[in-house]
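So that we are looking at the same thing, I have put the structure below in structure tokens.
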């Protein structure tokens, strides 16, 4: 199962589990703040070779209709995807 | 240095060392009591091949004038020396 | 129930078999080995269905037990002395993770100097690590504790690992008559382990995680509550145990003529038998002395101690332990109980049995005599008091 | 003396360099790493002549130090938290062998849950293992302790390993102004290590041996005496230190307006600074409150505590620690000191800072307010009291 | 009165080095004291991090991170949001490395990136922001900062960083005027 | 009154097994209690060792090795010296496996080696000495010993050992008459 | 059928973690879990990968996962595997992900024990060549010449003086059921090895090179490049051990220059030409032995 | 000149100890010390050899010697070596004597670390094939089929099911300076290996088979016979590793029957003919590999 953002952040004594055990894949913060540059995919150029999908350390690129899609909530802007794209379909742009 | 029997057995609080450190090779008891059979060397037959000396686990056989000598204080009567002697110079005898 | 002639180690192994652990991982160390050897025989002869893992060290023994417990299996390990120290990291880990593992510890002196005989420095030096700590007096209690331990450890309110301590050699290697319950009865007493504290293939979990400054206290507080609540679970277990097996235990402590005594020896483990016999002798002479045997060091019996001490003129704590640079650890704990209860009575510490030194009946008598001076002192049996 | 802007870790490393250890063996762990990294830089740049050993674990780190000390070399190691627990077996070993190794411990919470921040559960849970335990308040004291530690540990009457504790992050990673003594002066203060407790090629020894029941107590008693006598050695060291460097320390404890105070907070480590400031505020208002800072947990300052508590109406023990199933360990020890001195005054336990939780000035005030109730309670800062 | 400075940067940008240099520079004087510390924990490359400097005329004993700061300094404007202003004490100021300009008088800006590119030839702005701070904050002067750079940074970096710091001091002044 | 029995043998001779069988046999009865334990520590092959049995009509609580014994039993006469007699309680007896004869009425002898050779076909004398003890000590009868052998020894050893025990019981009686 | 981006499980199991931008280790973990799927039960010791993923309430594994003690990866895996099996559960894969320090130093006792028992577990060492989570200290897998905080480079010493321990051959010397080396620069190879391993019963060990931009002093977008180059220049190799045999999976026709590889990383900045020659020679010596003892596939 | 009974140092350094009669381990320690002489500084972990020799006030080493923690043989040796060197002392030999359990199980972390650092120490493992001091429990060097107290033989299981870990090849896979196997049945070979090792700088590992009559269930006078036979029947071999190369020192012209070897020991009493066939086949497989990978001298 892919970890995903939850609404509820356990904080009170009773919400905190009795054991160091909790639901798998429970996310409460994003990683978008890590970026000062962001990858932008040019879907025109993308041929769906999936190299970016495969090599993204954060797994934020997913397959979509023979091309790829990027989850900016969790992309850290490392630039690997751009480097892996042999079709020049990804550009890194400065964050605003 | 070969460990050897000492007269003094430290027992009082002041004789006991301050650290877990003491003179090397300090013996206060013998092992003769371990034996119920004892090796007896027939010096006539002994040719000084030193196999018993070499293989005695307790090191109680020493070289002496081209033959060997046995320290009964520490021999345990295992019988290895007898087995190692190709010249039948060692016999195991029942202890009294 | 069958009557058998068993050593403490064997009795404990019989109790563990009745508890049906699913994973056993242990590493040999004198004087614990027999319990593990017995269990491996039981696994071999199929009288116990368990995975028996030959681990490479005690750290691995407890790590393995933690892994097994983390998937919801009932796990057992056993160790002693150096082994307990070598797994210290995992002790804290298991406690913080609230894994109800049971461990038998054969109380043994710790190096240096090396010594394989019984004293209680090993377990008492790790008293703070979050485990329930019980001390058995004899082989029967060892067996019964083994069975009860899982009931208590796994209790929903408790979820805390359990260390059952048996005095090395004088208890672990000494044979006596033991009643061995039947498996059927044991199954009535102890149900299979059910928990949400586990990795679960149908409901994935993340376990044994990090918690930052904000919430860390909450986890530690809950861990503390868990072990405090063991007290109720112990009462519950002992009550049920009595119903099924007809033997009643007495909770965190056992009082023997302590309630109305002027002079009380507080102690733990197998030496209590000899103290009890000595109390009888004094009582025959009409002297009001008593024994309070600590059965559990954690949770600590603060109330029980205060209750008997309230009427006493002096108490003596006899323990096989020294916290270097201060005093015996049991003594420190008992003193705190008195202090919190506002009881200002003389209490003295008698440190004995270190490295397996024998504690004689005569020495126990001399403790009672010493208590009559109504002073607070710390002394080593056989050596005496402080520096001078 | 040069004035430098250093973190606690760096200051400690500077102090160690002045002490000229011959063998350094350590394994990385947050928040200790910096002290080791600094020392490796010093070895690299030749400002320190020592063998620097990259060991494979903390058990090996201390084993290696023991080996070095066993041939008469001055040895240093450092660790924290999990690392301290992982080497627990060697702690007891070094103490029983009377090897005057110095170790810096960066106080950090212990897993589970994982947490890298500062609390004192690591060292306090291993209080009984026979080491001298000191707690520094700030970077200057860290440096000075590093240098004094060898003087004390190696003192003929002491021969006991020394653990210097620095609160993780708030002390180890926090930069402040520190006076750094010069090497020449330091050499006046601390002489090379000379001992008979070593393997010696000109006079062979057998070390680290076994001792059976008969004599074991004697060794344990001597070990106990050694650490008790550290008190004199500490006084001696601090006196000499003052002569040479012009800074005077105050032995096992440091009293700040505690002698005539009605309400006293007893605490240890870096939080003392904030308590001191709070005491100032109360004193300005004319309220008689005070601070007793414990500088050494072993040997334990029984007399010092009794002396200030004698005139107090209530005392509060503030510590970053909990012994699960009972109370904070410092509290237990302090209560025993009171009990032995026959002082029946209310004492309360305030457990704070677990897993690096901040202790605020406001909370310190609330402790003083709570003490005015003159009751004995145990509570967790931020959570409160017992079960309900 | 204690002055609290909070630094914001990303793992790898040197925010803590600046915090430390500031503390060292300030406390080099008689009767001036400082504490400096990073936000604790492992610093992950790219992750937003903080660092702290506390300055006072008596020894600083409160070792905790403070909620309300006198100055909040950003090495990177992608970390800045207006919400941060609520974390300022009254009269407190934000110092921001940015190309943009802000209307808010509590936000002082400087284009540290361009100074860095020009003088340091590297996108490292920590000492530049330190220089900017020194010219804004009365309690410290530029020479102390330069001295700290000489004492605590590798020798080969001295010259450039001192130049950058000087440049920053002039530019932030302009920033304030905006 | 408690009866203390001490066994002397060498590592590997089974002295402790005998001690344990005795305890089990005795305590199989209502209101009879026993403790049995070896001399603690690793048992080295060949090394002289001891084992202990304590018998009583109330639970035995004293777990320590006793200095003075009611019976001292030797599986091997090379371990015996006359000095040992001082470790007997008044009225106490030594049981000795030996070919020799002793004048001392406190020393009861039996040639267990020959019984072992004859019946067990192995030089193991522990059960034989146990049988001898049973016929000397009133508190226990031979049947209890046989039952303990059946319960605690591997099945294939039952028959021979029971035969050996019976033989021993008759022989030691003769020994006493000497 | 061999695994590729197209055929790989689309689910993500390692997501939202706080690893550095461009972290190679996190890619190794992510990909391995995609191969193993939801019935992977993961154990991670202290180290970057656990530190970035288990910060309650931010829990970044979608499958079952737990942190182990630093020394206890393999022994906790053993317990997990035995514990599930003891409950009659068999369709799962117990997998460990440990760093180089956690594997080759403190964790080797437990790993060696698990291999010796032939426990049915998969142990993956992501090798970033130092203790990274604690801030780049030397481990026994730190290569010769690398600067770390405990092997500083200065006037007297130019970084780490010891060669890299060969965990692959050490596990092979245990007679392990399956061992392999890999690199995240060659993901298809890695994926297929993980898949192959998951189908073998007994203990499996995969050692995957996973560059760490933070510790190596490289740009975040170069991680994969270095993971490729280290193989191409011959300082790492792709191989397997099975049935008592070593197999080399890939032999570069010609090695690229190690100097190029080294000079780009700031951890090697201080190396002299002689140092680099030492690296080159030890590489050649290693390849001689590979040539001799490995079957080339 | 090779060492023999005639040329060996006449001094005894291990004397008066309480090892069982006929103990093979004690012979290994005794002989090694006679080779190394009075400047040997010995470290022994918990185990039979320390347990029998260090009972204050009965101290049975004539040279400098100490007990280490069970896991800490190698790391304490490292400290001893570094500590003496730091004091300017160089003419000594730091030597460890550890049992099979202390070496291959709990001690392997420290041993692996010491080899990795190439510390100048000599580590001798006396292998009696089980944890003997605690009463014969299985270690990872217990051979297939052996009965121990933790691998009991009964209706369901016939003793230990796992093969013996190969410590010699594991240390070799570390690229150790020198490693060797030996047996106390071939004392001259053992003596010469100890002597050779003492002259090599760096880490040296010697693994010497040392039968234990108590644990093997054999007569006290047969110790040497078994130590010979285990080599003659091919279940053990005499070899060295040096300069990246394996060398076989001795190849029996024809193997004696393993069955004869096994049947005489009570630890193997329960083995069936099929079990023995398994032993035979695994021996042959091992020798095939030796044939292939070892240089025969």
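Letters A, B, C, D, E, F, G and H mark the chains as written, and numbering starts fresh at 1 in each.
One rule holds for everything that comes next: a residue touches a chain if its C-beta (ideal position, glycine included) is under 8 Å from a C-beta of that chain, and two chains touch if they have at least 3 such contacts.
Note that the structure is a prediction, hence the values are computed from the model and not measured.
Enquirer: Identify the chains in contact with chain A as well as chain H, in label order.
Expert: C, D, G
Enquirer: Name the chain whose C-alpha centroid is most distant from the C-alpha centroid of chain E.
Expert: Here the answer is chain F, farthest from chain E.
Enquirer: Taking the mean of the CA coordinates per chain, how far is chain A from chain C in Å?
Expert: 51
Enquirer: Distance between chain G and chain H based on Cα centroids, please, to the nearest Å.
Expert: 32
Enquirer: If you average the Cα atoms of chain C and of chain D to get two centres, how far apart are those centres in Å?
Expert: Centre separation, chain C to chain D: 30 Å.
Enquirer: In whole angstrom, what separates the CA-based centres of chain F and chain H?
Expert: Distance between chain centres, rounded to whole Å: 39 Å.
Enquirer: Could you say which residues in chain E touch two or more other chains, in rising order?
Expert: 42, 46-47
Enquirer: At least two other chains touched by the same residue of chain D: list those residues.
Expert: 30, 54, 56-57, 59, 82, 86, 89, 93, 96-97, 111-114, 116-117, 204-212, 215, 218-219, 221, 356, 358, 383
Enquirer: Two or more other chains touching the same residue: where does that happen in chain G?
Expert: 18-22, 38, 50-51, 54, 56, 59-65, 67, 69, 71, 105-106, 108-109, 112-113, 116-117, 133-135, 140, 213, 220 - these are the residues of chain G that touch more than one other chain.
Enquirer: Which of the chains are touching one another, listed as pairs?
Expert: A-C, A-D, A-E, A-G, B-C, B-D, B-F, B-H, C-D, C-F, C-G, C-H, D-E, D-G, D-H, E-G, F-H, G-H
Enquirer: In their complex, what parts of chain F are in touch with chain B?
Expert: 10, 46-48, 76, 78-79
Enquirer: If we count contacts the way the header does, which residues on chain F are in touch with chain C in the complex?
Expert: Listed in rising order, the residues of chain F that touch chain C are 20, 23-24, 27-28, 33-38, 40-42, 59-65, 152.
Enquirer: What does chain F use to touch chain H in their complex?
Expert: That would be residues 11-12, 42, 44-47 of chain F.
Enquirer: If you look only at chain H, which of its residues touch chain D in the complex?
Expert: For this pair, the touching residues of chain H are 38-39, 41, 43, 50-51, 54-56, 59-69, 71-72, 74-87, 89, 92, 109-110, 112-113, 116-117.
Enquirer: Applying the document's contact rule, which stretches of chain C touch chain A when the two form their complex?
Expert: Spelled out, the residues of chain C in touch with chain A are 96-98, 159, 196-198, 203-209, 211, 215, 218-219, 221-222, 226.
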